[in-house]
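Next up, some structures in structure tokens.
Two complexes follow with chain A in common, the first pairing it with chain B and the second with chain C.
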Partner chain A sequence: MNGLTDSFPTSRSRIPLWLRLIGYELRKSLRGPVVPALCAAFLLLNVFVMLTANAFPLRGEIKMLSGIAEKYGIRTEEPGYTQLQADYRSGMEHLNEIAVEKEGVTYEHAADFWAAQSGKAAGSTASDPTDSTDALPPDPSTVPPSHPSVLSNPTTVLPDSNPQNNGFGVPYTEEELDEFYLTAVMEWYAVTPDTEAFYRNLDVQNYAEFQIGKFGLSGSAADVIREQYAKLDERTEEIVSSGDHGALFFPGPMYKMHSLLFKTMLGFLIFESLLLTVLVTGTIAKYEFEQRTAAVVYATRRGRRTAADKLLASLSASFLLTAGLCAVTLLIFFGIYDYGGLWNAPISSYFNMELDFPYLTWTPLTVRTYLLSALVLIAVVQLIFAALSFVLSGFLKNSYYVFAGFALCYGLFVMLPSIVPRDASFWIYSMFTPFYLILNPHGLFMGAGTLLYEGKEWITLSVWSGMIGFAVLLGLKRFGRQNL
Partner chain B sequence: MLNVHQVSKNFGSFQALRSIDLEFANGVYGLLAPNGAGKTTLIKMLATLLFPSEGEITYNGENITAMDARYRNLLGYLPQQFGYYKNDSPQKYLTYIAALKGMSQAEASPRIAELLKLVALEDVAGKKMKKFSGGMIQRVGIAQAMLNDPKILILDEPTAGLDPKERVRFRNLLTSLARDRIVILSTHIVSDVEPIAGEVIMIKDQRILYKDTVDHLCRRIEGRVFETYVEHDEAETFRSRYLSLSEKQESSRLKIRFLHEGEAMPGWTPVMPNLEDLFIYTYRDGQEQEDKEPAK
Partner chain C sequence: MRVILHEIRHIFRPGTLILLLAFNLLFYWMYLGFYFQHFPNGRPSMDTYDIQLKMVERFGSRMDAEEFQVFKAEYEQRKLVADERIAGDPEFAKYGFHNYEQYQTRAGENPFSELDEHIDFSLSSDPNTLGSLFWELQSREWMIEAYEGGGEAELIQWRALESSPAVLETVQRRIDDGSMTSIQSDTAVRYYLDVLQYSSLLALVSVLLITVPLFLRDRHNGLIQLQYASATGRRLFGKKIAAALCSAFLVLSVQLAVLAVLFSQKNIDVFYHIKLHSYLNFWPVSWFDLTFIQYIMLTIAAVYIVCLLAVLVTALLSSVVPNYMAIIGSLAMLVVVFVYWGRQPLITDLTTINYDRLTQPLLYGGLMLVISGTLIFRWRREKASDIVG
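Entry: the complex of A and B
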């Protein structure tokens, strides 16, 4: 009678009893068509989202950008960058040689060449390329950032694969156009704006006041926001000092790759995993009552301790389903979008900025470490959700009620900040819930908006893990003394 | 020895059992009462699915709640509503229950084979149970209860769905098992209990009314059970005056077995009472009570 340490010391099976029992519980939840069908549907949906993303038609450019980062490195202070600028200048010289030969003009930027060709293709008269003020590098203090690159010009017509039918009406060969295109892509990085000045001039406190005004905060709530933005100001200095601000990245305004990966894809993955977690946990926890097998199962030697097996099975199933769904989805995603040279690019890079405020992480995070941290966070959140569903199942009649109960909890916790007074610091802390945390997966680990508190992720997860762990223990104890 | 000491069970304001005292040694015990009288509540307490509101249940002097897994290790239980996993085969299902009962696979495999043969399911051991008849399912239930060779075997309405041949075989099986264990058989079918029960326990008004051997119980109404013949047009009047226990059509008249507590009339033949007579007599006033146990 060793409880969880019971084992079968036989030649036929050396799997410990508790592990076998967890396996039985997993089998109960995963057999039947619902979970596999949902997983397949979610994967199809995720692939559909990837294929219909704005960046999908631009994946060739993304691959090219990634290749440039791979070849020259991502740091502007490193020798590779000097080489990139040299290669870019050489590319421009070659472009102008050919342009003079074929059109009798020169271009200051490769982007101007493409703008001019696009104009011709559209049947309009191209402006004098040397007179184009648009072609000048932007004032770094302007927000949002702009760039003369072909990449940021939505009217750019990209080269056709058939040189005889390239649509430009000029006698450039396919090879020449490909080369000019690469030069234009390199230009994005080679002709960088003064990113350091941009960060130094970033008025973080003004942004804090904007957020305070936007949400109508006052009192201690506003004080906390100001305090956090003051810390973020210091962190901005660190980012500049480390050189992360100028590191190469996919151009944010054009591709919005941070949003695509961390907001859209992780957002879908989080809610899909959540649905699977609650469904599987509800099914496992209430299985004996729904199949009317409770009287047999709970009168065996294992008895009420089967509930602990069910808890472990729920946590395992939630983790495995979340991990599986994330792994397959992200493998497909990175198969489509090449991140080869940019895995170590810092999220806080100027180039990653998509709107009017850069992504500023509280600690130095690269694409790789941000993704891994976000995935760990998602896994822990799903375990918390599984445990919460398990606790709810102790009070609710069947798995449908567990689902409804969880949805109610979710709604209440998401609504909490809207009913809490906005002059108390509790307004900030009311957002420290796993439900709120997963609403903005692209804003994790960074200072932005009002949910910018440094370390909010780990504070939230630690506190909730503790609370849910305690609730689970109480739930198991209660079940042990419950009339069935 | 399994003892029930002054056990009561309340569900909110409803008292399902009141101050029950019982003692079980090895042998077959028939727990007899109409549906809703509290049989299942008592059985569930013996199976540790319900906890007494007052009093305690002990096995060899030790509280069964405190014994926890040690007690349940001695227990085999077939609930009234036997649930099963319809997509499992009996083999798979019994393997799972054996694991819950802490049996190693080496122990479980031969035991499962033995029990499947005993309940005549060896030919369908690998078939999914969703295609099984009620009787076949009930036999799976009996097999799972006996998996761990329990010292205390509690069976709640075990013969439901069994055909007459299976019932006889099942009764014989229980008789052989009862030599060295406690077998508690809860039923409202008197004929299941009468031939095999060493003692019969009858519950009425949430209390134990009788606990005695079948013979002793039947003697309680000795001299009060008669048989007579009545014409069809007199039958209704007869039933309104006497408690009819059973009726049988014989030629143009009805042969009525009935209970009367006064002097015998001419034409009445006194007969030996049986347990069914006592059952009908005992519960003559009672409508079947609704099960007041809160729905789960």
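Entry: the complex of A and C
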């Protein structure tokens, strides 16, 4: 309190009172070691997660790939792609020239070269590379592309700095191996499998039935799922005709960059900003009661209307903290993992697929637009959480019960679908909560799993914003007359 | 003493009790309930478990070389049954299978889905179906293989992890002195470890929940001046901590009682007095030759110690932080650290050769030393602290 009295300015009255009050509320809650220390701890945790990710040792290859995207473009229909294929062929010729000279063999594919080298490194008897003349082009849908897996396989010895002993026991210099590796990466994209056929043959309805069987759905719940998957089928056609299906992307099965960025990183960010939001809101809302200034503050001329200032302060704090945490974390993330030419790569690309079903977005989204949309969604969800905690604070005695109440709310809403009968479409709608929405940040805006409903994001957010807005108004009104 | 009792009553005020109960129920519903409802979890776990129960009944806690021959003969008998049934089954003839071995060598191949349906591998299939018989044979096969392997697989595994010579020596000694021939159930031990993993988290968060407001609430309510002017005075600090420890002990014991009842519903007590180290049980491999029940007791003691230490940390925090935000924030980090880095060495992997023999004594000793040191420091400060401000 003593910190506040000296900071009440007399000459700053041009700033409206409500705005000044919001500023003071923010200072009361964000000042001091608590919030900055928490933010710092969260940032440390996020950096730790980035540095221990599976893709971290592969970031050099990731940079190589985004470099290719920058140089040749990402779409097969662009002229850059023809150039890439030509460069790949000359790279292959060069590889074979050197291979003949040093090993006396030729390779059909760069992938075969790497498979043979790693076989030698592992000490096993490599199959004669000349046998593989009828080898199929690498097919990322069945196995991870063989060349990156060669390098990322922990038992494989990576080439070290000494060319005489490069770990493979073969007479290639490090520069040559680097070059061949680039050729192998280009091959993965140049000798591309028939992605169009894959998308056209995608048995979407089969996935619908799989989901229905998995969760034991029936009745209208199953109908909604079928109907949505039928829509997804149409959407797949659109994706193919737009050419998004064949666009270059980080090889999904190998690097799992979509999961790393949107599931792991955004997942951590969501729960960290949630914690900050609820803590700060609880503190702001219950401040006067906990510091025993309620009798003074609520007896002033502004009186109980300060509750509205506190609400706005909570919302701004939530937004500022979420934005700050996300901004710093993602800056570090993109410093480590270079997306380069792939910022505009479509999420629905075949190459982004990590398991057996591609990420099919309902609207054409690129990495950039997906990230921005997800961030906007996260910010709005946090505002809803701030408002919800604020409403809870009207009923609960201190900020401790507010945090606990929010946590219980969270648990109940997440468990809601497991108590709702599975034969009515309400089962689907019971997942339309902000709590459920943020559980799978890598599956937003797309058709996947049971929560694939087109437009579920904006439906959920607008309905909940409306409900919470109404509840907040009621809460403020109630607070105006409440017995303190 | 009376003051402590009052404080305990103060800790268990209705709001906190409701919160505690709601949290426990929700946690049980979200995580723990699954393990109690699904034991043994699926196949071949349930088949393996049934066989192991019968093994203990027949052979006792160990299976020596003679008994192993009996066990193998049993397998051959069951295999004959399978052979007969396959030979007389036209569905199998379609694929050219006339005995179990033919089927078994090619069962991994893909296009037999119709045959698979005919066999009925499903969870609920009758004990008389071919599916159940095949699951049983499969379970018996790996058990026989594990016994005949004589621990070679374990050694290879530990070598691959680049274990220290002490680890390899321990594993080798267990193999040599025959202690690996005990009949311990992997299914039962895994069940306990799964339950332990979640219930230790439940216990920790529960005791944190009740301790958080310990000092903070009094300060928010402006009680400090009154308390310090009373006869008990500043000794209240110690009494409140004692009350928090007693309350936490109470909560932990109630939880333990409930969980023990739920846990013992599945009669796994057959395995309690059998040594953990067994060819049939992969985990945990301990530095000491413990029985299952000894390991259970040890881990329960560990949960108590960790939780009571956490109560002390929370009480300390509660006495210094300015508001609930600070204490909840720091405890949230503490729980994250516990889940990711603390739970394994402190509780679930106790005395296992995953960690050096000295790791856990040092870890516990260090934690106790640091926490009690801070507590003493804080107590001294409390005696002389200024109450204004």
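We adopt the following convention: the second predicted complex is superposed on the first by the 446 of 484 C-alpha atoms of A that agree within 3 Å, B and C clash if a C-alpha of one lies under 4 Å from a C-alpha of the other, contacts with A are read in each partner's own complex, and residues count from 1 in each chain.
Everything below uses one rule, namely that a residue touches a chain if its C-beta (ideal position, glycine included) is under 8 Å from a C-beta of that chain, and two chains touch if they have at least 3 such contacts.
None of these values were measured; they are calculated from a predicted model.
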item: Contacts of A:V34 with chain B and chain C, given as first, second, both or neither; value: second
item: Partner chain(s) touched by A:Y400 [first = chain B, second = chain C, both, neither]; value: second
item: First, second, both or neither for A:S318, with chain B first and chain C second; value: neither
item: Partner chain(s) touched by A:L279 [first = chain B, second = chain C, both, neither]; value: second
item: Touched partner set for A:T361, first chain B, second chain C, both or neither; value: neither
item: Touched partner set for A:N352, first chain B, second chain C, both or neither; value: neither
item: Contacts of A:R292 with chain B and chain C, given as first, second, both or neither; value: both
item: Set of chain A residues, in rising order, touched by both chain B and chain C; value: 32, 289, 291-292, 397
item: Interfacial residue positions of chain C with respect to chain A in the complex; value: 15, 19, 22-23, 26, 29-30, 209, 212-213, 216-217, 220-222, 321-326, 328-329, 332-333, 336
item: Chain A residues within the chain B interface of the complex; value: 1, 3, 6, 8-13, 17, 20-21, 24, 28, 31-32, 288-289, 291-303, 305-306, 397, 481, 483-484
item: Residue numbers on chain B that touch chain A, as the complex places them; value: 44, 47-51, 68-70, 72-73, 75, 77-79, 81-85, 87, 96-97, 99-102, 104-106, 109, 141, 144, 148, 296
item: In the complex, chain A residues that touch chain C; value: 29, 32-35, 37-38, 41, 45, 275, 279-280, 282-283, 289-292, 397-401, 403-404, 407-408, 411-412, 414-415
